[in-house]
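The same chain A turns up in both complexes below, where it pairs with chain B and then with chain C.
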Partner chain A sequence: MNKAKLKSIIVRFSPLITVGVFILIWYIAAIAVDIELILPRPALVFKELLALISGKTFWTAVGGTLSRSFTGFAISFALAMILAVAGFAIKPIHRAFSPLVIISRAIPTMSVILLSLIWLTSQTSPILISSLIMFPMFYSDFYSALNNIDKGVIDMAKLYKVGAKDIVTRLYIPNILPSVLDSVRSGISFNVKIVIAAEVLAQTRQSMGISMQISRVMLDTASLLAWTAAAVAISYALELIVELIKRFAVKWRRA
Partner chain B sequence: MKKLFVAILIVIIAAAAVFTFAACNNEKGSIKIIVPDGAPALAIAKMLKDKPQFDKYEITYEIVPGAAEISAKIANGEADFAIAPTNIAANIYNKGTDIRIISANTFGNLYLVGTESVSDLSDLKGEVVYNIGMGGTPDLTFKYILNQMGIEYFASDVADETGAKVALHYVSSGAELIPLLKTGNAKFGILGEPAVSQALKNVSGSIRLFAIHDLWADVTEGLDYTQAVFVGRKDAIDKYEGIVEWLSDLLDENVDWIAANPAEAQAALADAGSTLTVALNKQIIRACNIGFVPAKYAKSDINAYLTAMASFNAAAIGGKMPEDTIYYQ
Partner chain C sequence: MKDIVLKDVSKSYDGLTVVEGFNLTLEAGKITCLLGVSGVGKTTILNIIGGLAGSQGSVSGVPERISYIFQNPTLLPNMTVEGNLDFVLRSQIKDKEERKKIIAEAIQNVGLSEFAKAYPYQLSAGMAQRVSMARAFVYPSELILMDEPFRGLDVATKARLLEYFLALWQKSKKTVLLVTHNIDEAVLLSDKILVLGGRPARISAEYFLNSDKFARKLSDKDAAEVFGKIYDWFAAVTPKS
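Let's turn to the complex of A and B:
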């Protein structure tokens, strides 16, 4: 095997090597601490994870958390898109909405969570929390994506009397799509994290958050880490799906 | 090759760091006694104030935020003695830390509060009862009582329209339940003292309906509701001869002292960093139900309590019933 080939193999598998090193450090640390309650060994956590996956409650919890994540995500995405387009088309709207965006960006996550617990039910407050936190991020991303489109190209299209429908479908959408998908990709796993945090505090039934909380209350650290691993895997899978959509969309744009 | 060397070096450094971190937990020059914040801290209020010292050893007394810190510090040896929720004590023991239960110290500070009067638990069918912490001991206890009384229940935030079942709904702490009772969104809720007194003061028309420990006694033929115990690490008990008897006397003495001196007890807790803000009076202290029963006399009550918790989920007590060696003789 030549050197270049070896190098390419190492590069290709470098993420796996990192995961391996991480698990190795974890294993060494667990042996050093030697207290299951504080840091269980990786094998125990994987065993716990397998036991979780084979149970029915795991899937209802994951389903519940995902449906709340998607609802919150959809609300914030739609709201941000509508307002960003409106603000881009009519500048005074952008100015008028700017305080709202600033407030929703500056408001501490914890106070949103605590307030919504008083106002809403345990099933709905994670949704409100996720949409309130995701909205300002999406809004600024979308708005700047729209503003980054080359004005000259649009002016030219107008000059050549290209129809409004074509300007939208062939200029605006293809131009903002990559950055919109980028922010969706980073937002989608962040959103799952927020929903889980909210579920812990809201004591949401059938959720990953409450399952983690119950593991914690019962000092079942292995199960808490197993749930954590599951959450990481789910977030990664979601990001991967968005990445695939992005690749597909880029191809479509070129075609 | 150079890169591989660097990678191996990083692993070695990380491992070394972890080892030293783990090692420094085991060194200690003094005895440490910890207690979770809130009502259980009352069990050592006088000791927090007087800071009594045992023989030539230095003893530190500390309030920690909750059960998670208790278990971590007892397990890694940072603390030697602690007041711990009974199921947590069993849990620590079952997960391989050799501890002894020295005494039972709190006998139930949970109460069912309502903005409407009911005479019997079965009147709660068709109602929503709020509880603190899904899967926690207040939840498991209440379900156990309902089971024993033959009252059906289900988890939901809306009441059963047919009126056949009790709906159980959860909040994470008493602080969230009080506003719900106040706005009328919740009619019934289980709270721990001193949050109960706070609720009764702030929510007009609210009443203390049942003491959970009374309901417990009803369904267990008069057993005590042994909510929290005093535990010690076996190595510390062996190392400091006579300390258990010495601490037991102090814990026993404390029971009468807090009953007679609520204001001093409160000041002692506040000085030790407690976040308890409710003004304690004799009535609230009595409702917190602090007592002292040596393990050998409380054994059957504790066993019944642990069996009940494990009947829902063995993980609540760490997988199995602890052996009798857990009780200090």
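Let's turn to the complex of A and C:
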């Protein structure tokens, strides 16, 4: 086997190698600690995860958390898109919004969580929290995506008297799509984390958050880690889906 | 096609008078060049003709549809070469098959048939500018406004581009206004060169080139003479700084 081939194999499997090394270190640490309550061995957590997956509670919890994530995500996405477009088309709207966006980004996540717990029910507050935290990020990303479109190309379209519909569907939408998908990809897993944190504090029924909280109260560290592994896998899968969509939808940029 | 006539046109930007009482005629079906140093007001005049800048005075004969070639090719990055031409043509020619045929021919005319399905990031600067040219000629306009279309290209690329341009123009004989500060392209392409100078801008000299543009060379006696006169004039009037 030549060097280049070996290198390409290593590159291809490097994520697996990383995970392998991580599990190995975990395993060694677990043996060294040797207290299941503090750090259970990987095999035990894996067994726990299999047990979880085969039960019904796991899926209702995952379903609940995902539906809350998607709702919060959709609300913040739609709101940010509408306002970014409005702000882009009418600059005073953007100027009015910028300080609001800066402030809302500066509000500590915990304040948002605690306040919404006071105001809302345990089912709805994770949704509000997720949309409040995602909104400013989406707004800034979408606004700069619109702003980064080549002005010369926009002017050209107008000079050649291209119709408004074609300008929107063939110029604006495809040109912001890559940044929008990047933004969605990095936002999607962050959003799941936020929702789980909110669920822990809101004690939301049928949620991954409360399941983790229960594991903690029961001092069942293996189960807590199994839930964590599940959350990581779900976030990773969501990011992967968005990445695949991007690869399929955006063929016009240098890879 | 009609001549385009500017009469007594004035334009100023808060206090700065760029043109005042300016007169200009673009003869229909001819290539006219406005030649002048940076900042003299060439783009301003081009924008007045294109209706992109308001002005005082009268501008007549400007057709409804105008094509543009700028320094920047302004191609849509998300569309192929074909798609870029289609983008400006869709609202003009409704029949899809007809459009396809016209576009294929336009792409062939600039030697890019192999790149019809290529995206702008896969094109060289010269190729991208050829697409921009193909777009200007395929669009059903009677006037082409060109603002420094050959700026920033090396001599060989530019020479090819000039050839493509003349071949395209030959087929359509659209009225052309070329705005540039390069004497060479002005001499090689134009029927008439108007040298712009001063502030407010005025036409300081006029040169007519009657030789066949397709055979014209910078080393031809009349072309070289015009080149030399214009160069010497710029060299003489431009103050040392």
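Keep in mind that, in the parts below, the second predicted complex is superposed on the first by the 250 of 255 C-alpha atoms of A that agree within 3 Å, B and C clash if a C-alpha of one lies under 4 Å from a C-alpha of the other, contacts with A are read in each partner's own complex, and residues count from 1 in each chain.
To be clear about the criterion, a contact is a pair of C-beta atoms (placed from the backbone, for glycine too) under 8 Å apart; a residue touches a chain by one contact, two chains touch by 3 or more.
Given the structure is predicted, the values throughout are model-derived calculations rather than measurements.
Looking at the shared chain after the overlay, A:171 reaches chain C, while chain B stays out of its contact range. Once chain A of one complex is fitted onto chain A of the other, the partner contacts of A:37 are limited to chain B, with no touch recorded for chain C. The partner of chain A that touches more of its residues, comparing chain B with chain C, is B.
When the two complexes are overlaid on their common chain A, residue A:92 makes contact with neither chain B nor chain C. Touch criterion met: A:159 reaches chain C, while chain B stays clear of it. Of the two partner chains placed by superposition, only chain C is touched by A:150; chain B is not.
Once chain A of one complex is fitted onto chain A of the other, the partner contacts of A:213 are limited to chain B, with no touch recorded for chain C. Residues of chain B that touch chain A in their complex: 7, 10-11, 14-15, 18-19, 21-23, 67-68, 71-72, 75-76, 87-88, 91-92, 95-97, 133-136, 155-157, 169-172, 176, 179-180, 313, 315-316, 318.
Contacts from chain A toward chain B in the complex involve residues 21, 24-25, 28-29, 32-38, 117-118, 121-123, 200-203, 205, 210, 213-220, 223. Residue ranges on chain C touching chain A, taken from their complex, read 50, 52, 65-68, 70, 72, 74-80, 87-88, 90-91, 119-121, 135, 139. Contact residues on chain A toward chain C in their complex (touch as defined above): 150, 152-153, 155-157, 159-163, 166, 170-171, 174-175, 251-254.
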